[in-house]
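Single-structure report; data block below.
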Amino acid sequence: MSQEVIRVEDLTLHYEERQKPVLSHLNFSIDEGENVLILGPSGSGKSSLTHCLNGLYPRELDGSMKGEVYVKGRRTDSYPAGEMAQNVGVVFQDPETQFCMITVEDEVAFGLENLNTPYELMVEKVDTALRSVGMEAYKTANISELSGGQKQKVALACILAMEPEVLILDEPTANLDPVARKEFIQLLKRLKKELAFTLVVIEHKLEGWLDLLERVLIIHEDGELAYDGPLHDHLKTYALDIHEMGIQLPYATRRALEQEWTPPYPLHIGEMPAVAFPENPPAKSAGKVLLKAEDVHWKSILRNIHITFHEGEWVAIVGENGSGKSSLSRILAGIQSPSKGTVSLHGRSLKKWKENEMRKEVGYVFQNPEHQFITDTVYEEVAFSLRHAGMKEAEWTKIVEETLKFCRLDGLEEQHPFLLSQGQKRRLSVATMIVEDQQMLFLDEPTFGQDEKSTSDLMSLLKEKHENGTTIVMITHDMELVDKYATRVLVMNEGELSFDDQPKELWALPDLVDHHLELPPREQWKRAVWKREEPAYVSS
Amino acid sequence: MNSWKLKEIVVMSVLSVVFAVVYLAFLPVGKILVGFFGPIGYDLIFGIWFIVSIIAAYIIRKPGAAFLSETIAAAVEVLLGNAVGPMLLVSGMIQGLGAESAFAMTRYKRYDLFTLMLAGVMAAVFSFVWGYFLSGYAALSTGYVAAMFIARIISGAIISGVAGKALSDALAKTGVLSSFALGKEHRRKHAA
Amino acid sequence: MFLHDLNPTVKALTIIGAVFLLAFVFDPVTPLLYIVWTVLVTFLFGTFKKRYYLYYFIPFTLFAFGMFWTTIVFSDTASATSETVSFLGMEFPTEDIWTAAALGLRVLAFASLSLLFLFTTNMVHFILSLIQQLKLPPKIAYGVLAGYRFLPMLKTEFQQIRAAHRIRGVNRPDSWKEKLLQYQRFAIPLLAGAIRKAERTAIAMESKGFTGAKARTFYRPMRVQWKDWLFPVMMFGMLGVTIAVLLYFGYFSWYDGQL
């Protein structure tokens, strides 16, 4: 008989200054050793729930929290602050702000010091934790110099080292490359076996998690619990409902819904029937040369980069975490100057462009949305550049309102951008860029942390822009997006450009995994079908 | 120190770090002014160098905020490389004590414009006395020293008191201070 | 290598002590000799990029020279003696020059001492040592460390905000007024963002079990060993020797209300 570790009774959470509750009347309990997935559209209060579970709320809350949360039969507010950390460990959504030390090892040790771990044991545990997330090579590195994905791994190592009984991960793979993501899930599986903790994961992408997480809690947009039960069976039957809530289903299930097949729906590609599959989008013929990078180097991070971008292209930049994608895009967009080499726009070196003129041509969405916010409210943020564009007031207010609605930010106009949920921040940062009409748009992981609905809305918007002539350069870890939209794909590998061609050529490469990439689900399906069609005697 | 929340300490030290950079950035400005007016040049803008103690005290409203924030800012300045070196740490502490004394006089109850300006003035007075000893102002003529003193006091009242308040109020408007004393006061005022 | 291994608290206290003593010295020769000594110690017992040292040292020299010059020009002429030195066609009292040189060199001596500390000390180790040796409350110490971590972040943050402004089409400022307005537009988001992040950092620290309790173990134990005492002995000893020698030759003077 397994024991109950977490019990939530009639939990309702209000933030100050917001009429509607973020979470309302939640009731559930989690048993020891269970693996639970929490799903819900962006802004539904998932991250807020984690704060309730580890006792941060109501202590740190501005607002009100009603109902009870018990951990191991004891109310969370009756725990001394330090003891809670051994019971419930949380890896928060934004890795950037979880650190208080300078170097990786000090950070991992910080939690252990808090637990009064003896020195010798601590040294050992720091090494073990770093090894288990594959970051041992970065032990003495400065945290501020890690890439987004690397930070996520360090954040996990910090919590793992403390060996909590319940591990809560808030979108732990949002910034990881496909291989790292797979490895991460594998790692959790292995650790589960070794350490037998209770696992709670918040995710938007179900792909890959299905065989680890058996139970799912679905939180509705209005903060109510919409479903609590086994994941597989529910998905097989009620995929449509989940889809309509804005949650991203596995590829197989999504295709099945699109084709209006009847339940039970397939969950894995292997379960899909061998029917015709769509082809790659036709590669659009490229226009004039727009942007050209020649022999670009940056610090020791980028080497020998030669790229030419043409009008009308949709370029995806992919590659391993820390391979230099963000760095490259910043240089291409003229935010950072290369230490050697030149980037030229319309044949003129970026150095010679007047800033204002150039910005009318090139837009950029940062990987960390917070880097982009320069005003106090959501509304002002979107209105900002329009205000400066010398448009009539009536005109721009209309555009702002439309954009806010489109990005599902209506109702949050007066909110400070930093108070938004991670997904909302992302949408806001994109919204600020799409109100203008640049010829070329750089987006650094535009869809990370987004639910299905925002992703598809955003992509269809980009598509529309692309059809109207905007050249799009997008960094992403999502091969499905590359497959579906990109006309060209660049692969970064340890600071060098190792591939530059159409996506279908990339999929044909034999060593995809070495580039930390995977096949998009469509290709996987295609190959699965081919395999099945092969005469049986060949394989036996 | 137990009445302090960790959140308040971290925010305070982040403010100190930010302003340490600002302080360093204003040193060359001071040097230019010194070039024009002689040593009094520094005194004209001396208020800048107290601003974090006023801002931190005004936002957090706990005993020690003014002193600690100024001390941390000075420590960071030293770490970033500053001509006066470790002595600056002492100067920072003394300035912080000056500002702190004004808040202590109100028993940490009043945080209106007057108190903030007073804090600026006290910081100026304390720092001037220290400076008199340390940098040998006595070598200068009495009239000039008096002018320096008055300039510094005014600068403390205006730049650190008035401008510090304005900056903090602008910050409170963004809502990021909602869980700090100043933010709560703002909310009460808005609700009323 | 010896300077890097020193206990940071012992090193800091020694330097503060030396600075304090030097503040009472009022002749130019003592600080000059002591500067030479400090720089020598720094170069002999520290490993760092020498170029950076110069890069830091030069502005201090300029500052010290500025101090020298202003003290002469704005000095209290009433107390001047009859002896003068002429320079660039102007007459200056020797006594003033003597004091001015003392003040200027003193600044340089402070600078060389603090550079010794800066170039050979790891900040984190220093704060950890303050907790372990001077019993600084961990709540403050780690709060400060967390804040200190924002320093490199602030730089990128500042660049990012500037880039964001540029990207969003904020004009380059043409006038002083616009420039000021621009700074305000920078300041608020920069501070607001920093505060938000600081708050989240604090929350993350607490959920890693940090309570501020004094009882905790350390990943980097800081100890004071016998060889740590070598440094204060060396630094104070040299100061004593210098003073003694100068006293003997009559160059030395204490602060005794002059100025």
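Letters are used for the chains, namely A, B and C, taken in the order the chains are written, and counting of residues starts over at 1 for each.
FYI, a contact is a pair of C-beta atoms (placed from the backbone, for glycine too) under 8 Å apart; a residue touches a chain by one contact, two chains touch by 3 or more.
Quick caveat: nothing in here was measured; it's all calculated off a predicted structure.
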{"item": "Innermost chain, taking as reference the mean of every protein Cα atom displayed", "value": "A"}
{"item": "Contact-richer chain pair [A-B vs A-C]", "value": "A-C"}
{"item": "Chain centre separation in whole Å, for subunit C relative to subunit B (CA means)", "value": "19"}
{"item": "Distance from the mean Cα position of subunit B to that of subunit A, given in whole angstrom", "value": "42"}
{"item": "Rounded Å distance, subunit A centre to subunit C centre (Cα mean)", "value": "43"}
{"item": "Multi-partner residues of subunit B (each touching 2 or more other chains)", "value": "7, 10, 174, 176, 179"}
{"item": "Residue list for subunit A, restricted to those that touch at least two other chains", "value": "60, 100, 376, 416, 418-419"}
{"item": "Residue list for subunit C, restricted to those that touch at least two other chains", "value": "123, 146, 148, 188, 192, 196-197, 201, 203, 205-206, 210"}
{"item": "Partner subunit A, residues of subunit B touching it in the complex", "value": "7, 10, 173-176, 178-179, 187"}
{"item": "Residues of subunit A that touch subunit B when the two form their complex", "value": "16-17, 60, 62, 100, 376, 415-416, 418-419"}
{"item": "Contact footprint of subunit A on subunit C as seen in their complex", "value": "123-124, 142, 145-146, 148-149, 152-153, 156-157, 160-161, 163-172, 185, 188-189, 192-193, 196-197, 200-201, 203-211, 213, 215-221"}
{"item": "Residues of subunit A that touch subunit C when the two form their complex", "value": "51, 54, 56, 60, 80-86, 89-90, 92, 94, 96-103, 105-106, 109-119, 122-123, 126, 142-144, 158-159, 162, 333, 335, 355-356, 359-360, 363-364, 366, 370-376, 384-385, 388-389, 416, 418-419, 432, 436"}
{"item": "Subunit C contact footprint on subunit B (complex, rising order)", "value": "1, 4-7, 9-18, 21, 31, 34, 38-39, 68, 72, 76, 78-79, 81-87, 89, 134-136, 138-142, 144, 167, 170-171, 174, 176-177, 179"}
